[in-house]
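Paired with subunit B in one complex and with subunit C in the other, subunit A is shared by the two complexes that follow.
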Partner chain A sequence: MAIMSFIFVFFFFSSLQPILSLYEDQVGLMDWHQQYIGKVKQAVFHTHKTGRKRVVASTEQNIIATLDLRRGEIFWRHVLGPNDVVDGIDIALGKYVITLSSGGSILRAWNLPDGQMVWESSLHGPKHSKPLLLTRNLIIEKDNVLIVFSNGRLNAVSCIDGEVLWKKDFEEESLEVQQVIQPPGSGFIYVLGFAASSQFEMYKINAKNGELLKHESTAFSGRFTGEVSLVSSETVVALDSTGSILLTISFHNGKISSQQTPVSNLLEDSPGLAVIIHPSVTGIFAIKTDAATIFIRVIGEGKLEVVEKTNHETVVSDALSISEGQQAFALVQHAGSSIHLTVKPAHDWDSNLLKESIKMDQQRGFVHKVFINNYIRTDRSHGFRALIVMEDHSLLLLQQGAIVWSREDGLASIIDVTTSELPVEKAGVSVAKVELNLFEWLKGHVLKLKGTLMLATPEDIAAIQHMRLKSSEKSKMTRDHNGFRKLLIALTRAGKLFGLHTGDGRIVWSHLLQSLHKSESCRQPIVLNLYQWQVPHHHALDENPSVLVVGRCGPSSDALGVLSLVDSYTGKEFSSLSLVHSVAQVIPLPYTDSTEQRLHLLIDADKHAHLYPKTPEAIDSFQSEFSNVYWYSVDDDNGIIKGYALKTKCSSNVADEFCFDSRELWSIVLPSESEKIITTATRKLNEAVHTQAKLIADQDVMYKYISSNLLFVATVAPKASGEIGSVTPEESWLVVYLIDTVTGRVLHRMTHHGSQGPVQAVLSENWVVYHYFNLRAHRYEMSVIEIYDQSRADNKDVWKLVVGNHNLTSPVSSYSRAEVITKSQSYFFTHSLKAIAVTLTVKGITSKQLLIGTIGDQVLALDKRFLDPRRSVNPTQAEREEGIIPLTDSLPIIPQSYITHSLRVEGLQSIITVAAKLESTTLVFAHGLDLFFTHYAPSRTYDSLTEDFSYALLLITIVVLVAAIFVTWILSQRKELQDRWR
Partner chain B sequence: MAAVTPLLLLLLLSSAPSFSSGSRNAYNINGRVKIPQGPGTKGYALPGRMSNVKVLLNGGQNITFLRPDGYFSFHNIPAGTHLIEVSAIGYFFSPVRVDVSARNLGKVQAALTENRKGLSELVLEPLREEQYYEIREPFSIMSLLKSPMGLMVGFMLAVAFLMPKLVENMDPEEMRRAQEEMRSQGVPSLSSLLPGGAMN
Partner chain C sequence: MEKGKGVMGAGRRWAVDFSDNSTAPSSRDIPDPPGFTRASVDQDDSAVSRQKKDAEANWKSQKAWEVAQAPFKNLLMMGFMMWMAGSTVHLFSIGITFSALWQPISALQGVGKVFEPYKDNKVDLLGPKLLFIALNLGGLALGVWKLNTLGLLPTHASDWVSSLSPAQEVEYSGGGIPL
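Showing the complex of A and B:
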């Protein structure tokens, strides 16, 4: 009866608000959105007197963005395609941003104020070459012209409409053009390069029509490395391929003259291999060796002079012309916890235009790049501002010895995310400043009531909105009852760990991992994954939770591993380990030790298993579960899936008792000529399933096959592994498998003919949903497979239950060969997919929804009921009551169910769902270049009052009820009195 | 019937003017995105917003942007069948199947995949506008009454005012009998339930 009434109340509430979406004024209540641009590769300032001061930047994530120079906010940005790498940017005519991308084949102009693309031209040429965009604009017959060298062709492009005015091919096979220069004020262009890597070539070209004026070449005995540094308009410096001889080449008046200087002449000690680092300050260039950075000045005819030699990490900016004929450049050096910014004029090394020392957060690492810009101070002297890019990819603007603004652009390249609980609220801790007093609380609710009754003035509405958005409740640093407040721990590609608060997305702490820093022992550190190391609850509550960061020293899979343990509350790295073995796979085991440290099994490239933490206690608890540990590996290249179990202690290494040998249990070899593995998916380890039984229409029960060892594998024809349209439907197919990873049993295999990848898949409970491209219909499709345990289905017999002859209590095990049946159905889906996930709730009672990251970088919530293989065109009455939706050929896209509403999560990569403590709610975090976080309730928040709930209305109701009671009481009294008089 | 329609469309398309150009095996696909700018459009279609429209080829393999007049082009595309998608906040576009013919010098045929409608020109228009937010219904007495609290009040009032009326309409004989019955069972009246009732 209680359940019935609960259900009644539930339906009653849900029928009132049948839609799952958001009102416009609720934006920002539960969700937050942060925009990033990534690691800046090139930056150009736009600081004219009129208009806002901006900086245009291109980044390693193929983004073009303009930022506000005052506050660092994004004015606009565009994300180019994955292959559309930006080669160069510039500002033309003072109003267009010019970008050269895709290896020099696409030239685009964007309107500076609003980012609208103005024109686009495609530049083709005879062969591939290094793309060069000449950064100085040329004026030919009143037309501003851009000179672009790409694909072996020199193009002059009009700035106004992108039209190619003239072009000149350099078809010589071996010519590698290194520099294109245009001496200021002259009407010609020099094209400099190497042919057959030992011959220096110089072409002089008329800038007006592309006519070849002169061609000179000189041969050298050595070979060139490639990079040349331009030290004046008619001199270049190059290094030979051994890195030990400097060549100074001048081409005054079309005559080439050169001089060779061994690097060892300039330096007493042997420098090792040198590289030219900075190519464009007049008269000065720098070479970098392992130990030092050396600045060298060119004096007169090829004479070189060392001006400074420094052992510090030094970064140099491009030259900036500050006044007629005068250039300046910036140097940034590290010294302890601060950095020194020096701006020097190009002609005089010993004088400084500016020398500042700025205190820098140690967690940002080294400076990687610096860009400078100047302004005229009120006293007519030159002031400088510098934009610096740090090791953690953050971007900072320095001006007058202070950091004006900083952007944490490392968050644009998140590799892995995990969550951590916040500290428990302690009795002694005062929270008075965030608690409102009763009067304010009441006032707030009266305001809200006014809002609902449409009586509020515009000021009131603004006050209400402010109150809702700035609710201190959601950004407290303590655990809350509903489990909405957590720490999101994000690991970025730069090796920095961030702790973000789920309430408002602020950075609580950030830490550059020292153990994954470039060092002598670890030259090329790569961060891989993040795991929850210690999640204390119950008896170990006073311990702080911690996370495990796994990395490796080098790109290959057999490079040595690095482990680092970080405290989740403070972000401090409390322990790190340099491993003596590689890390191919990390398996978090479902066992913990007495301090709640989770046991992890690290599998190395030789298939040895290593147990962590290395404590006797861990090994004791592991011994008892020794025979229950299984894992699998997927070899994409060879199409082999293998299953393993533990065998014995490592035979090779006697001293290491935490190392185990493995034995191969099974393997599935897919025919490499017809199938290529493209996607695998498994169930989330922490997913809870409420019930195995599924009630269907006619009082019947189906038992879900729930196994945590289920693996979904999708393969395509090797021919069809390319892009869409590269194969015909006849020669492409998609095969999907459901495999039990303990026994290697293939539970289900299905072929989709005429289909191809990419495949995005999600596996949950007893179903898998995957998305692929159907070539015959030329549309995307989504399929669902549900898998049921048939061996339990005959428990329906009441007599068996009474006699006790049933197997309902037998454990679900991979050893018992359960008889399974599968049901499957396919539907069309409009969009391409970037990511797919499923909602996750704490007990798994709430119905599931799929979260689909579309190609438009939005996240769409789709009810799992739309992907139910039992859908049919005409469901029976009983099926309708069960909630089966009539079958349609395509899945609906309801705009209101975009959980990102009108926002885009640019460059969407993955969607992470975390269960809140409240059963109805799941926390969704989507990341790519942008970050987006929201709460989502797949079946509405049936277990709590919504934020919209009007307490004032409740109070009024109570008052009205009490008043009504009194009125009726008086009336009844009066009536009774009358009755008695009668 | 469904199989016949695309065939008919293909026939129609083959006579349509070509809208691509190129050389050798790589062709250009040129097209246009048209967003209706009527009084009914909601904010998204403002001129500045046009810059946020992206055109994607084959699931994001190539991405291009719109010129101010809505034209876009993909360069260096091999002959074959491709898929073009338009991403614009606030609008729903159908993906477009584009066939670039190798024999006919990169002649392009296009059809919407959502409704299999052929396009004689590669002009993409949104199928519908997308409204991401619920519209707040204006305040009305009905919605207040329909809320749980309103229903509570309503029920209470109904009991308080309609019940006595029902009682009045009863036959006086029966009424007396019922009252006596109630007294004998000791069911207290409303007034005696309340603290003031005891004073009577």
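Showing the complex of A and C:
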């Protein structure tokens, strides 16, 4: 009966068309949204007296943003495409932000106050070259002009409308232009560069019309490294390719004179290979060696003098002209837990305009960049503010010795995310920052009641809304009953680990991983991935959960690996390992030891498997499952998928009992001339599946083929692996495979002719949904494949099932070769996709919805029922009862089902779903440049009261009813008595 | 059923007036007075009273048959109601089905009571009782059939496997594109 009632309820719910949209006042209750800009590459201040003070920044994530200088908030922000790299920004005319992007071929002007694009012009030229943007107050015939050198062409562009006033080509093949200089007040432009790496070239151009005035060149015996530093308006310094000779080149009045100074002359100890860092400060340049940064002053005719040599990490800002003819620049140096900010005038090294020491969080690492800006204090002296970019990509504004604001822009480049539970609430330990007292609680409920009874004034409504949004319940630091409060642990590209609270998105802790920091043993650390190492629940509750961060020293795949174990509650790194082998793959195994540490298998480049943690207990529990552990690797370059089993202990290593050799079991070689692997997808390890049976119309049953060893592979024709539309439909195809990774058996193969990638796929339970482009129909398509186990289908005898005489729950082996059938169907879909995920609930009972990251950076929920291969144009009555939707050629996009509602997750990269403890609810976290988090209930919250349920109203109703019962009882008693007396 | 009860009630009132109390089971508990033998009383009965008794027994068996046939009408009505209720699961059809199941069951429980007024040495109640039981069982069967058509009986394999958790896998395989 319970089964029947469940089915009844299920039908009841599935027959409802769920309304999943939010009401306006529900925005922000369950969701939060954070905006970031990424690591700042270049920043320009705009601090005129009128209007709000702001800073314009371009970042490595190709964003142009203006930030409020007071608080660091974003005024406006534009995300240029991934191929539209910003080369330079500047402010022109005090009202336009000029950006040069795409290797110098696109010049745009944006309106500074609101970020609207004013004009755009594309600058093309004869050849590719380093793009240079120059904005000085150059005026040609009352027109402010930008000088842009890009693609081998010098352009003068009008600031007003982006019109190219004149252009001059530099077609010489080997010419590499390094600098474009316009001496202030002069009417000409110098274009400096190297030809054939050994010849210095100087062109003098008339700024009015682009006419070549003079061309000089001088040869140099060595070769140039490329970088030049401009030390005055007519002198540059360059370094030769060996890094040992400094060249001072001056081109006064068009005459080139050069002077060579060996670096060793300036420094007693030979510093090794040096690099010029150009602060572009008059008279001073800096070279950087491995050990030190050396500041060198140019005095007179090519004479060089070392002014300072610092062994610390030092960062120099560009020059800032503070008054007529006076320039200043900033130096930032580290000293222990604080940083020293020094602002010096360009002409006098020994004096300081400003010297401040600021306490800096160690977890931010070194300073990477500094930008300065000045302001006039009330006593007419100069004050300076500095914008610094730290190693963890965070952005800070320093002013008057303090940090005015900071932005955690490292969160714009999240590599991987996992979640962790919060600590259990212990009796007597208050963990909430603001515990509500009874009075406040009562007041809140009275307000809510007023709202329910429509008695609330507008102020009350505002107060209720504020109370709902700022509920301390959701941001407590303890586990809650519904499993909504968790820690999101995010690993960023900078190697910093963040713990974010799911309630309000605040950063609970953040740590720069020390083991993945640049060091002697690890020159070029790269963080790779994040895994759950220890998830204590049953018998190890006193242990803190922890995560595993995997990194490697160097970009190549055979570089040595680094493991770091981080406590999820505190973010402290409690253990780190420098491995003696490389890390090609990390395989979390479904086994844990007695302290709930998950066993992990690390595969190195030589295909040895290493077991972690390296404890005797781990090896004991692993030995018992040894013969059942397999692994596979997908070589997408060569189109080979190989499966391995573990063999004996490593033969090469000396007595390492945690190392195992691999034995190749099977391989699938795809023909390289016709197929290229572009996407793979597997099931999530932690996905719960409620049932293996799928009930279909007329009480029939199909058995799902549920295997965690299922791999989805999509291949396209090699020709068609480029952009959409680069091939004709005839020479383009998409082939999808479903492969069992234990035996290498191809369970299903299907070809979509005339289709092309990119393919986005998600595999869950027994189905896979993938998205691709159909060239014939000129539309995007989504397909679904469902896979069923036919060999179980004859389990139809009710009596056998009643008495439990069946083998449906006995363990299955991939070697038993289940007979499978697949069903598939395709539909048109309007959007192109950035990411796709599926909702995940704790027991897998709730119906699934697909979460689609659209090209518009929003997350759209699409019911899986729309992607059911059993849909037909005219479903029978029984099928309709089952919930099958009549077939349509395209999938509907219901505007209310955007779970990001009005927000956008700029640069959306991936969508992560985590099950809450409440079966109906999934936690959804979408990240890209922005972060977005919300709760989502695919079949509505059928297992809990809604958040706006008024407990007070219920309570009052009960009290009133009880009182009414008493009163009427007394009255009736009295009346009865009177009646009897009568 | 209401009609049946009416018939039965009337019969009882009549029975009080005309029947011989000595045959009533309740009087059997009291021992006969000394010197009184039941057989002699029977023998002493006049032909008139015998005739009377015969008529009464006839009447009783006739009534008993009537009572026994009463569920048939009920059955027809129930069938009509079920047909009206349709085959989809909703409040009305569920109510009808459950009342269709409950009525025969409660009637079967009270078989003895229903036929109590017609109990007579000379009346054979087995036939009517069997008919009554058979008709009620028919009603029950109709109810069960309706339950089945509504899909509320676990008669299909799907009802037993719908929450069967997936089988455990022996092998485990992991991996993917190298990092």
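To be clear about the criterion, the second predicted complex is superposed on the first by the 896 of 982 C-alpha atoms of A that agree within 3 Å, B and C clash if a C-alpha of one lies under 4 Å from a C-alpha of the other, contacts with A are read in each partner's own complex, and residues count from 1 in each chain.
Following the convention adopted for this analysis, a residue touches a chain if its C-beta (ideal position, glycine included) is under 8 Å from a C-beta of that chain, and two chains touch if they have at least 3 such contacts.
Note that the coordinates shown come from a computational prediction; the quantities given were computed from them, not determined experimentally.
**Student:** Have a look at where A:H690 lands relative to subunit B and subunit C in the superposition and call it first, second, both or neither.
**Tutor:** So A:H690 only meets subunit C here.
**Student:** Considering only the touch criterion stated at the top, classify A:E473 as touching first (subunit B), second (subunit C), both, or neither.
**Tutor:** neither
**Student:** Is A:E731 in contact with subunit B, with subunit C, with both, or with neither (first, second, both, neither)?
**Tutor:** neither
**Student:** If you stack the two complexes on chain A, which partner ends up touching A:H901: first (subunit B), second (subunit C), both, or neither?
**Tutor:** first
**Student:** When the two structures are overlaid on chain A, which partner does A:Y630 contact: first (subunit B), second (subunit C), both, or neither?
**Tutor:** The second partner, subunit C, only.
**Student:** Applying the touch criterion given at the start, work out whether A:D558 contacts subunit B, subunit C, both or neither, answering first, second, both or neither.
**Tutor:** neither
**Student:** Tell me which partner A:W119 touches in the superposition: subunit B (first), subunit C (second), both or neither.
**Tutor:** first
**Student:** Could you pull out which residues of subunit A sit against subunit B in one structure and against subunit C in the other?
**Tutor:** Looking at subunit A, the two contact sets are disjoint.
**Student:** In the complex of these two chains, what residues of subunit A are touching subunit B?
**Tutor:** 12-13, 16, 19, 21-25, 27, 76, 78-84, 105-106, 108, 111, 114-120, 122, 124, 452-454, 723-726, 758, 773, 775, 777-780, 830-832, 834, 855-858, 890, 893, 895-896, 898, 901-902, 904, 953-954, 956-957, 960-961, 964-965, 967-969, 972-973, 976
**Student:** Within their complex, state which residues of subunit A touch subunit C.
**Tutor:** So the residues of subunit A in touch with subunit C come to 3-4, 6-8, 11, 528-529, 550, 552, 557, 583-590, 601, 603, 625, 628-636, 643, 680, 682, 689-693, 695, 699-701, 703-704, 706-709, 741-742, 795-798, 801-802, 808-815, 881.
**Student:** Which residues of subunit C touch subunit A once you look at their complex with the stated criterion?
**Tutor:** Touch list, subunit C to subunit A: 88-89, 151-152, 154-179.
**Student:** So in the complex, which bits of subunit B are touching subunit A?
**Tutor:** 28, 44, 47-48, 50-51, 54, 56, 58-68, 73, 75-76, 78, 80-83, 85, 87-90, 92, 94-95, 97, 113-114, 130-136, 138-139, 146-150, 152-153, 156-157, 160, 189-191, 194, 196-197, 200
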